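Okay, so chain A shows up in both of these, paired with chain B first and chain C after.
Up next, the complex of A and B:
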């Protein structure tokens, strides 16, 4: 069953969430990008703006309409809600040679994520496999996941960097949301609303939303179909794991390493990358100590440090680790690929390195070898 | 909030250093006792703890003590990095943090009724010592047990008194070799792999456990293979950077596995594709 929410009533949805005790997080224009941050009202949404993306490029541009969600994805993913870039794990104090350790309190604030894309829902589900469903669930992550509510927004347009259709993660949300919205601009600005959970159903009832009629539903479907048609980037994923494992010593790694800056941007913007570093700090007296967990990256020089130096010294080995982890070993580890096709790593790579092109290069070189044999 | 939740996996517990025993140059052994009673300290041979110096950092260190001693942890540490160099300065009575144990275990049950080859290089003897204690406690469960040990120099030989006692008791057949000899050394000079050709085993009923530098394990596994021990009966303990022990931090990946939760002990066939690959 689908419902209809007038664009002019979007504020009521936000108010209902606030009344229910949720802090709102959603898209807004900041630093010339569309970022997810604390949302006060509909006025904060990036209405009338869109993003233009290409390999190594991201630009905001005015739209000619009043769409609230007329952009694709920005550099910030939702992972920071559940796995913050930096968080204190515990602090310890020494008195007379005795250390007492106090754990950081877990967050209690409920959060509503507004405008979660289909690929991002998959990214959250993938991080769940890592941090929630493993032998050691991360207490912060599981707490925040349990007290989060997800309002998805289906994509009706795609960026040239998108390839969710290859990864089977979009453009529309099919699970993992409380409500999903499809924004319609014509003939009247409104949202077609789908319920994904009892919490979502309760919201629909609170708002007293009417059912969406057939033409609205058809227009919503047409919007999603339009996004799907716009997607031109592809990644053949059925055999990519074996392809990469077969080519661990391929010369292509040297070629991509000659372009890669080892800057770690791809891992910072990636919605599934989860690597972290533990950092110990102390004050001048040495009587107070803290441990912080912060995002780390397999592109950092010290990431693999053991006595004697880092295991992965070259950029070649680090890019190989990243790509094979994303597309191959992730599957061995968590039963799913680590890539959702959001295209962030392509847009935010300062060198414009495109993982879909890298995978194609491996595949083509094998075809060439095959042909040469004949 | 109600009752305080169980301690989180990233939170260390305070332990007091009960004894510091110098071993070889830069290597020392700690005996650690919890400052608060909280039940027996249970571990399986091969597992490791994350040891913290508050305000300095945390490092993974294998347990090198006896699993039947459930009131203390024993750890043998080499001072090589920022954290371990500070550890070396710590004295008995001081407090350190401990999380763990983490990781999997040596195949001690699978080895029952078999000849056992323990091949260790350098500090690899420390993570193997709990296995040795286990074998000694249950000597009747195992047939011939070899300890093949390669150290850099005679001065680097770890636990010399225990090695002597184990050997003299006849419980273990211990063969030691050093990379470089010195005055007064009348033992073997060479690699651990050289010791493998002389042992007498039933290869069809043998299990080998290998712990040492990766290159040493690579060649030891090959030598064991040439004694017709099946690859699936050869086990290695791997090493990578470990920061969490829980599989969250991503540092210890080697191919498809996380050493901290899937390892550090692997049977040779499952780790062989990822061994001896440069910078993997």
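Up next, the complex of A and C:
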């Protein structure tokens, strides 16, 4: 069952969520990008703006229409909500020789995520397997996930960096949402709404949304099809794991390492990368200590530091670790791929390194070898 | 009551900015003064207590024969020696002399060059004595200084990550100026520590904290070229405050070689 929400009534949806006690997070235009941040009202949305993305490039541009969700994805992903960049885990204070440890209280604020893309829902599901469903659930992550509500927005346009169709993660959301919206600009600006949970159903009833008619539903489908058609980047997935495992000593790793800055931007913007570092600090007196968790990256030397130095010293070994984990050993470890095809690592790499091109290079070199044999 | 550790602050060829970071600690300054006995710090107090010192902070580079002798004496008189700032860890901006003929320069600059007793190179402290920790920055970050002092006082490892400035941008959730604006930025090859100050104001990183661990300066230079930066811009970016730090030095030398033919063409 699909419903119809007039664009002019979008505020009512936000108001209903607020009334239900949710803090709203959603897209807005900040510092030359569209970022997810605290949302007060519809006026904060990046209406009439879009993003243009290429390898190592991201630019905002005015749209000719009044679309609220007429962009693709920006540098922030939703992982910041569940796995914040920095988080204090506990602090300890010494008084008269006795230490008292206080654990950081868990958050109680419910959050509604507005404008979650299909690939991002898959990314959340991937992180769920690691941080929520694994043998050591992260308490903060688990708490935030339990009190989050997801309003998905189906993609009706794609960026040149997108390859969700290769990863089977988009362009439309098929699970993991409370409500999903498909924005229609013509003949009237409205949203076709799909319900994905009892909470979503309750929202639709609160708002008293009418059913969407067939033409609206067809237009929504056409929008999603349009996005699908726009996607030109591909990553052949079926044998990528075996392909990478067969080529662990390939010269291509040296070639990509000559371009890779090992700056870690790809892992920071990746919606599935979950590695964190523990940082312990004290004050000058030594009477107060804190433990913090912060995002870490397999591109850091410190990441594999053991007695005597880092295990992965070269950029070659770090890039290889990242790519083989993302596309191959992630599957061995968690039963899914670690990539959702959002293209963030391509757009936000200052050197414009494109993992789909790297995978193709391995595949083509094997073809060349095969042909040479014949 | 046990005696407080004795802290000394020494100056070599430098602008004093890093020492000032200690005075600039404001809120933390009283805590610092409470945790250590500031035994020698001429910039702050005329009270001077003789060594040995538990911790010596050394600012500045070695540029004269007298400096070279003095740092050896300071090392002997210090249990722990920590260098602070780009001058002390990489030779500083005055290390630009290392790429030219100092005698020629002194003859151009001074009326009586014979009075000038200087070394051919401006060198980091670690080229002369064993250094226990090098704190980067031009100037250093005062919170990192407090962290390093706290670590040494509590006999733990200082929490001073050697990853890129990019990581600070991302942890602060700042948007990349290079990707969005094609702004030439040294962030991907520069060590974190400033809190990504320049990108926060939509400027590119100047590399004040020197090369990060495992820096790929060649790819960085290529990227700048692709974004339209001139070769002399690239040359100057790498030959700056940290121009004598190895990775930046090598890249500026490569860039200089590219620059020379074009300069000749211009002539």
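Note that the second predicted complex is superposed on the first by the 374 of 374 C-alpha atoms of A that agree within 3 Å, B and C clash if a C-alpha of one lies under 4 Å from a C-alpha of the other, contacts with A are read in each partner's own complex, and residues count from 1 in each chain.
Everything that follows uses one rule, which is that a contact is a pair of C-beta atoms (placed from the backbone, for glycine too) under 8 Å apart; a residue touches a chain by one contact, two chains touch by 3 or more.
The shown structure was predicted, so the numbers you read here are calculated from the model rather than taken from an experiment.
Trainee: Is A:282 touching anything from chain B or chain C once the two structures are fitted on A? First, second, both or neither.
Mentor: In the superposition, A:282 touches chain B and chain C alike.
Trainee: Contacts for A:75 in the overlay, against chain B (first) and chain C (second): which applies, first, second, both or neither?
Mentor: Touch partner of A:75: chain C, not chain B.
Trainee: Have a look at where A:248 lands relative to chain B and chain C in the superposition and call it first, second, both or neither.
Mentor: first
Trainee: Could you say whether A:291 touches chain B, chain C, both of them, or neither, answering first, second, both or neither?
Mentor: In the superposition, A:291 touches chain B alone.
Trainee: Mind working out whether A:89 is in touch with chain B, chain C, both or neither, as first, second, both or neither?
Mentor: First partner only, chain B.
Trainee: Is A:139 in contact with chain B, with chain C, with both, or with neither (first, second, both, neither)?
Mentor: first
Trainee: Tell me the contact category for A:329 with respect to chain B and chain C: first, second, both or neither.
Mentor: A:329 contacts chain B only, not chain C.
Trainee: Please indicate which partner A:262 is in contact with in the superposed arrangement: first for chain B, second for chain C, both, or neither.
Mentor: second
Trainee: Jot down the residues of chain A that show up as touching in both complexes, chain B in one and chain C in the other.
Mentor: 280-283, 286, 313-314
Trainee: Where on chain C is chain A touching in the complex?
Mentor: 28, 31-32, 34-35, 146-147, 149-151, 153-154, 156, 159, 161-164, 166-167, 170-176, 178-182, 185, 187-189, 202, 213-216, 218-220, 222-223
Trainee: Which chain A residues qualify as touching chain B in the complex?
Mentor: 89-90, 92, 94, 97-101, 103, 130-131, 134-136, 138-139, 245, 248-249, 274-278, 280-283, 286, 288-289, 291, 293, 296, 298, 303-307, 311-314, 316-317, 320-321, 325, 328-329, 332-333
Trainee: Sort out for me which residues of chain A touch chain C in the complex.
Mentor: 30-33, 35, 56-60, 75-76, 80, 85-86, 257-265, 268-269, 279-286, 294-295, 297, 300-302, 313-315, 347-348, 350-352
Trainee: For chain B, which residues are in contact with chain A within the complex?
Mentor: Of all residues in chain B, those touching chain A are 5, 7-14, 35, 52, 54-58, 78, 80-81, 93-95, 97, 239-241, 243-244, 246-251, 253, 255-258, 261, 273, 277-280.
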